[in-house]
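The next block holds one structure in the form of structure tokens; read it before the comments.
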Amino acid sequence: ASTSKSTSAPAGGNLIIDDAQDAVSMNPTTTFDNTSLYIMEQIMQPLFTVTKDGKGTQPDLATGYTISSDKKTYTISLRKNVKFSNGQPMTSKDVKFSLDADTATGNTGWGYINGAISSISTPDPDTVVIQLKHAWSPLIADLSLFSNSIVPYNYAGQSASEFYTHPIGTGPFKWDFWNKGRSLKVVKNTDYWQPGLPKLDSVTWNVVPDDNTRKLQLQGGQADIDALPTWATMNSLKGMPGIDATSFPSTEIDYIGFNEQKAPFNDVHVRQAISAAIDRKSLVSAALFGHGTPANSLLMPGVPYYDAKTPGIQYDLAAAKKDMAESSVPNGFTVNFGIQSGNSEEATIGQIVQSELQKIGITVKIQQIDPTTLHAQVQAGQYEMAISIWTMDIPDPDEWVTFAVNPTGGAHSAFTYYNNPSVIALAQQGEQTTTSSARQTIYTKLQDQVAADAPMAWMFYVPYAYPTSSKVHGFYVTPLGNYPLQDVSLSK
Amino acid sequence: MPEEIMLEARDIAVLFNQSKGFARIFGGARRSDSALHALDGVSLSLRRGESLALVGESGSGKSTFANVLVGRLAPAAGQVHFEGEHIGAERSISHRRRIQMVFQDPYSSLNPRMTVRRAIGELLRVHRIVPPSEIDAELVRLVNLVGLDEEVLDAYPGQFSGGQRQRLAIARALAVRPDILVADEPVSALDVSVQATVLNLISELQRELGLSVLFIGHNLSVVRSLCQRVAVMYLGRIVEVADVDEIFDNPKHPYTRALIASIPRMHRTIEREPAIQGDPPSPINLPVGCRFQSRCPLVQDRCRAEDPALRLVSATPTAGGEFEDHLSACHYAEELV
Amino acid sequence: MTESTAADVRMSAPDLPRRRFSVVRSRSRSLRPWYKITPLVVGLSIVLFLVLVAVFAPWIAPHDPLKQDLTHILQPPSAQHWLGTDNLGRDVLSRLIWGTRVDLRVGFLAVLIPFVFGTVVGAIAGYFGGIVDAIVMRVVDVFFAFPFYVLVIALVYVLGTGERAIYLAIATVSWVSYCKIVRGEVLVARQQDYVVAARLGGLSHGRIIGGHIIRNVISQAIVYAMSDIVLDILAIVTLGYLGLGIQPPTPDWGSMIVDGQEFITSEWWLSTVPGIAVVFTGLGLSLTGDGLAELLAPERRR
Amino acid sequence: MATQPHTQTATDTGTILTADRPVLEVRNLDIGMRRKSAVVKLVDDVSFSVDLGERYGLVGESGSGKSMTLRAIAGLLPSGVEVLSGSILYGGRDLLELSASSRRALMGPEIAMIFQEPLTALNPTMQVGDQIAEGPRQHLGLSAKDARKLAVEMMRRTGIPDPARRAKAFPHELSGGLRQRIMIALALSCSPKVLLCDEPTTALDVTVQDQVLTLLADLCDDTGTSLVFVTHDLAVVAQTCSRVGVMYSGRIVEKGAVNEVFPKPHHPYTLGLIESAPDFDRPDRELVSIPGFPPNVANRGSGCVFAPRCAFAQDDCRVGRLELAELEPDRTVACLHPRNAGEALLSAAATNGAIAGRSE
Amino acid sequence: MLQRLRFIPLRIVQAIPVVFGVTLVVFFLVRFLPGSPAIAMLGEHATPAAIAAVDKEYGLNAPIWVQYGDFIGNLVRGNLGQSLFYHQPVSQLVRVGFPATLYLVVYAIVLTVIISVPLAAVAASAPGRARDQFVRVGPLVGLGMPQFWVGIMLILILGVRLKIFPIGGYGSDFVANLGYLFLPALTVAISMSPIVIRSLRSAMISVLGSDYVGTARSKGTSPFHLFSRHVLRNAAVPTVTVLGVNVGYLLGGTIVVEKVFALPGLGNYMVTAIFNRDFPTVQGITLVIALMVVVVGILTDVVYALLDPRVKLA
């Protein structure tokens, strides 16, 4: 997506995006997969949106907000003259309805993210007042989550399930059709509140499960964007005429989780040894063809308060051997390493890690397990060592930090069963502190401590890869993964 | 002295039916396709040491009858008696042993994957014909008996000609020392010159071993030179039984006469009766009355109404001074000259 | 009736000439010696070659098939690496050679279980017919109607990935074919006079099935097994494609093809070379099957 | 002779058939397979001729090359088997020199063939009426309807009851006798001049065989069709044909008029054939078989092909190549020591077991 | 003619236990799968509470026999259930997927026949000669190649390089799909033809050597009529059976081709459903495919009976 070309691209056209999977559902409050939510974001918008750098938020359907001095009341003013794609104007009634609907999903959906909200009131059509239970600095970031997108009050008279078969929102595109398992199409919302946008007439997502077929469709001009390229694809598309193999900074971190419930992973030396035995640079060059960066911290560079200076454990074979010698299993051991089947990157990583750990006396047995089974095993704590991935949904470190280090959330510290009270305390402080600098201090400390405890061996930060046809202009991806399409245009 | 009856079939009936019930609904493999009366009240007895021919057109039920005798097929009605004792289709191993069979097709009657030694040796072992140590000697004796050299023992059937196979089939049948040999068209697949050796073999064995032989065939010339008694079958019924010379010189059934008339002769000078017309009717829809009515040149009204029974028409003196019964199933048998 | 006298009975008719073994039916091809059946010779040579490669893999392979060299990944063929290196810098030729081991083993083992089971069940069903047969055939139909990969995928999930699961999954599906083939053959064979003769000879059903029928019907199953090995290797490749193949880093052609197909537009040899190996194996086995069919075909006359 | 007027038949394809010339003449026919190393002769130097309206028989054991000879005349040799040399003259024209299409044009209207097993010789998936009609449609240019009518008429002439209904039947729905009649109707549908019959009655019951033989003879007499009749049943030949050729291992060893050859065979093989077959009219005669087997066609050895099985063979029988010699007019035998005493010798041979005994 | 088809009702009755057996096997098989729909739905980082909530919502916590009873009960009422992953009735998915799969299979059979008949005829016309050997060996290459690999190669050459055919995807109407489904159908045909060619070749050789072809030749039948009236039809008889058996196998194997070519067929839904533990969809589609196999089996017999009047099926 070359934004550099200044030639004003003509308006119109149908953008075709190939994805490996179909969307699952258009209901933002209970949907978890990226494909679905990247699509629904083109139709429904939240009050705030993530800035291009992904580190902050900016008003979208809201124009601004004020915080009360006790930090428990947020007063948000809404943008005027915003209309839903059915022509109906958006008011605070719709906002309250939408946020409440999300909150109501609780554990079965994204509702927990609104857990700090105690009540919402609508003093007038253009103002929404949110009352919190306690100080909660990530609120605006939370409100920028797709699950808090605004839909018409009472689903414009339909039932929720009926409504989400053809959702109505305020976004640049409106619903056209969805042939499940095949393709989904949205068309230009002519009532969109930003004048002149969107530039495209329509966008179609096609389901093309095979990696090569997606690549070849892009190459052959049958698709404009490959939404899920492998790194091998990226590599081979590099320099190909007519194709821009661009990658965008992300908040993705790939890590190897250790199950501390199982010996010898309860031994910090073992964890440290493994972490030190992994040559992250090699991983990046072999598995990602150089597209990522070795990870040094629990947090990712695209996340606020990421500390580039955190001395995360790095490749040091001597140190690894030393750690092993000091550990409970100085002569090594055998471990099952769970990776997702059908994922060539993980297979590559698995094999490299296998050969690296061999050097410090650890025999790794790779077990390719289908994703659902692997998740089930991880969630049940029935694994020893497994590859996992995290991507931020909101521009605030708390979402990930809480999940990864706080065993009380039900996720057992990202299922590593890592439990360090001082880290947990730091995480809680981070949630309740609102000033940036103070939070920076807290999170730096936290990053250092987690690095030392090595509950997981983080491997690398991975950018988002989106090879596109050179005809596509203005395409970009935020560090949270979303790709707003309102500014995108197609040239002939 | 009345000759001793070895094997007697009484009123045998065989129906080939569609299979029913569970197996039909769920489509298991079935043995037959359509309902037909293959045998309908057949009675015949085989005497000790005699060779009895069973002749008739294709489909008349000869093989079916043979199958009933050897216990391969359970008849729908009727009984088989062996030395006066009733034997059913499920037979004891010794009853099986005593009635053996030689088949028409020399190519399917030997197991193509078994050497002669194995195939026959197994029988010798199972029936304990000889002590295990003597099995090899017995095998040699058996193949010599049928005019083969002992080197055939370790060969596979694929290496033999039709005539050799038929000899081996006979050797196998004889291995278990049967009293009765049922030979179902044993030579019709063979060349004339080979036919002669097999026919000679059978008749020698019958004489020397005192076997009782039921010889099934359709070549009347063969039958005439081999057998002592002849039974003629037509559409699942025996229509005539008599001594061999008697039946050919003095046939008492129009069908037998037609059969004889149809035999191709080497000497064209020999006078022949005109051939009968038409094909035999289907055994599925049998006519009322005599089964031969549709082709009989002498058919009368009675034949279309009344089913003739097999009855004694005369008793003729035989070479041994005995009288031999002549049976025929024709209302007008006596009137045939 | 005394048997002893019979021993002396020799045909007065002429004895058969000594040449009797030369008198074979020229039309029956089954008695051609195996080395005169071209497909069999070619097929067996290929199979033998593969077996030798498999057996001597440690000595033939120029490199350690597991040795990674991350600084030399995806190298094109060169003097050092005749077939280049893969995405982990491993020598493709060595992996190909070692893969022969794995694939032949998996192929043969995956055929063995269904072969034995299917043959036994099919023989029993065909021989006894009736209700036994009806029930067996309905079960066969169920397996037959069940989409192959659904069953295999599900079974591999249930059993856990790995070679053993693959054998079991494939066996569960493919015994049906052997069962059908053998049953069909037995249906024909049980009508043959030699079976009737064996029964009249007083042999038991078990002896007849095991001793007389099986040896005549098995050849069809063996011939099918040859092509089935190919199908199984292909199934393993396909399982690899669906992410359920042999576990890395074990070198096997299936995972080599699957891993290589990512690079099909640039480093095309990565998946093509093992693909050729599979095709070559398939060719060898199919030709062997053809040849065996010719060699073993029981004389079917008329 | 040449001055006498003779009957002439102009056939559709312009071949002139005359009564003073054989309608079919096979000259020095060799049929075989070319193998890499050698040529295997299945039929070796066979010659015979068939006159207009004549019925000619070919007899011999299985594998003696009867069918091959017949198929060569019809141009139906199996793949791999070919005519190596010789000629097949039909009305003076050598069939082997004709192009494939002109040869095809002769098949049906000039030469037709009937096979042994009517069930396999009829297309199982086609109604018999259509099968009969196919030839007339192609050769006589009849419309589908007319051809069908002709087919029904032919069926009626072969004595098939209710021919119109039977024409719609498939082969398997008919009995063996009816099928063979269908074959006859099919073969005669274009009124051929030569009818080649390969054991047409072997698969039939005696009573039906008799009907079919009578029918064939009658039809051929009616139309003046010549018959070449292959069988291994001597009695059938005796009853049907006027001249006969006896084949052994791909060669004709004896030929002549039926009423000469059978009562007084000159060749020991002919004698052996006669003596091994049971004769209904001589029931008490002992059957005497020919010992041994025919030689392997790939390696017949030198000398008389029958010598290894021959009771009368002498040393000179085993060397050189044996030609047919004409003993009397129209009576040819390929034997160095022909039996001329006929039956007298036969009984002598039978009594001392000579035919059988002397093989080594 | 109709007489010969009397076996159809019986065959349908026979199919009932088969279909029942399939429901039983698939139902319990999917429930043995590790992992649950909830985990598949909620992903890697789902919490136990969330999983329990989803299980409850979809009735997955009921005892297994109750679930089976519900499944069968619904089935009898013609209801295949509600997809957990696609959030719509399974019958809806079948309505989309079935035509695509059917189109693919039929197209593949047509191409297979187009490829096989001439090749088999060429081979059978000169058994043992060079062209025969070529036809015997050549297609074996097709048999040994994995379908996904063939598919990608075809796309690469005919789609990307030569731009003759679309690179995967599914058209909106019948005519468009002649283009869209050509390569997928060809992929299938390449792996199916070897089997058909072999069967057809040997059938043709035996037909060509049969007496009735001799009879036809002795009538002077032209080569064209000989081939079309006598040889092809009779050689087709055993081949139809081979084809029928393989269509069954093919139906189970469309998964791969559908994935490579991004076809919205049953196979594709099926894979997604298995991966996502979408039990009702797996059950429903398996059932539909099993029914198709059964129907194809009956159709094969019908064709068989129509081609060969000797056949008596019951």
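Chains here go by letter, A, B, C, D and E, matching the order in which they are written, and residues are numbered from 1 within each.
Here, contacts are C-beta pairs under 8 Å (C-beta built on N, C-alpha and C of every residue); 3 or more make two chains touch, one makes a residue touch a chain.
What you are looking at is a predicted structure, and each value in this text was computed from that prediction instead of being measured.
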Farthest-lying chain, centroid of Cα atoms versus that of chain B: A
Pair of chains whose C-beta contact count is the highest in the structure: B-C
Chain separated most widely from chain D, comparing mean CA positions: A
For chain B paired with chain D, centre-to-centre distance based on mean C-alpha positions, whole Å: 33
For chain C paired with chain D, centre-to-centre distance based on mean C-alpha positions, whole Å: 48
Length of the line joining the C-alpha centres of chain D and chain E, rounded to whole Å: 52
Whole-Å separation of chain centres (CA-atom averages), chain A against chain D: 90
Residues of chain E engaged with two or more neighbouring chains: 14, 17, 33-34, 148, 152, 156, 271
Shared-contact residues (touching 2 or more other chains) in chain C: 12-16, 20, 23, 138, 157, 242, 261, 264-265
Junction residues of chain B - those touching two or more other chains: 25-27, 161, 196-197, 200
Interface residues, chain C side, partner chain A - complex: 66, 68, 70, 73, 87-89, 157, 160-161, 242-244, 247-249, 259, 261-266
Touch list for chain E against partner chain C, complex: 14-15, 17-19, 21-22, 25-26, 29-30, 32-34, 136-137, 140-141, 143-149, 152-153, 156, 248-249, 251-253, 255-256, 267, 270-271, 274, 282, 286, 289-291, 293-294
Of chain B, residues touching chain C in the complex: 19, 22-23, 25-31, 70-72, 93-94, 96-97, 99-101, 103-105, 107-114, 122-123, 126-127, 141, 144-149, 151-152, 155, 158-161, 164, 169, 172-173, 176-177, 179, 196-197, 200-201, 204-205, 208-210
Chain D to chain B touching residues, read off their complex: 61-62, 161, 175-178, 205-211, 213-214, 232-236, 238-239, 259, 262, 272-274, 276-281, 283-290, 293
Of all residues in chain A, those that touch chain C in their complex: 211-212, 215-216, 219, 230, 232-233, 235-236, 282, 285-286, 340-344, 347-348, 350-352, 354-355, 366-370, 373
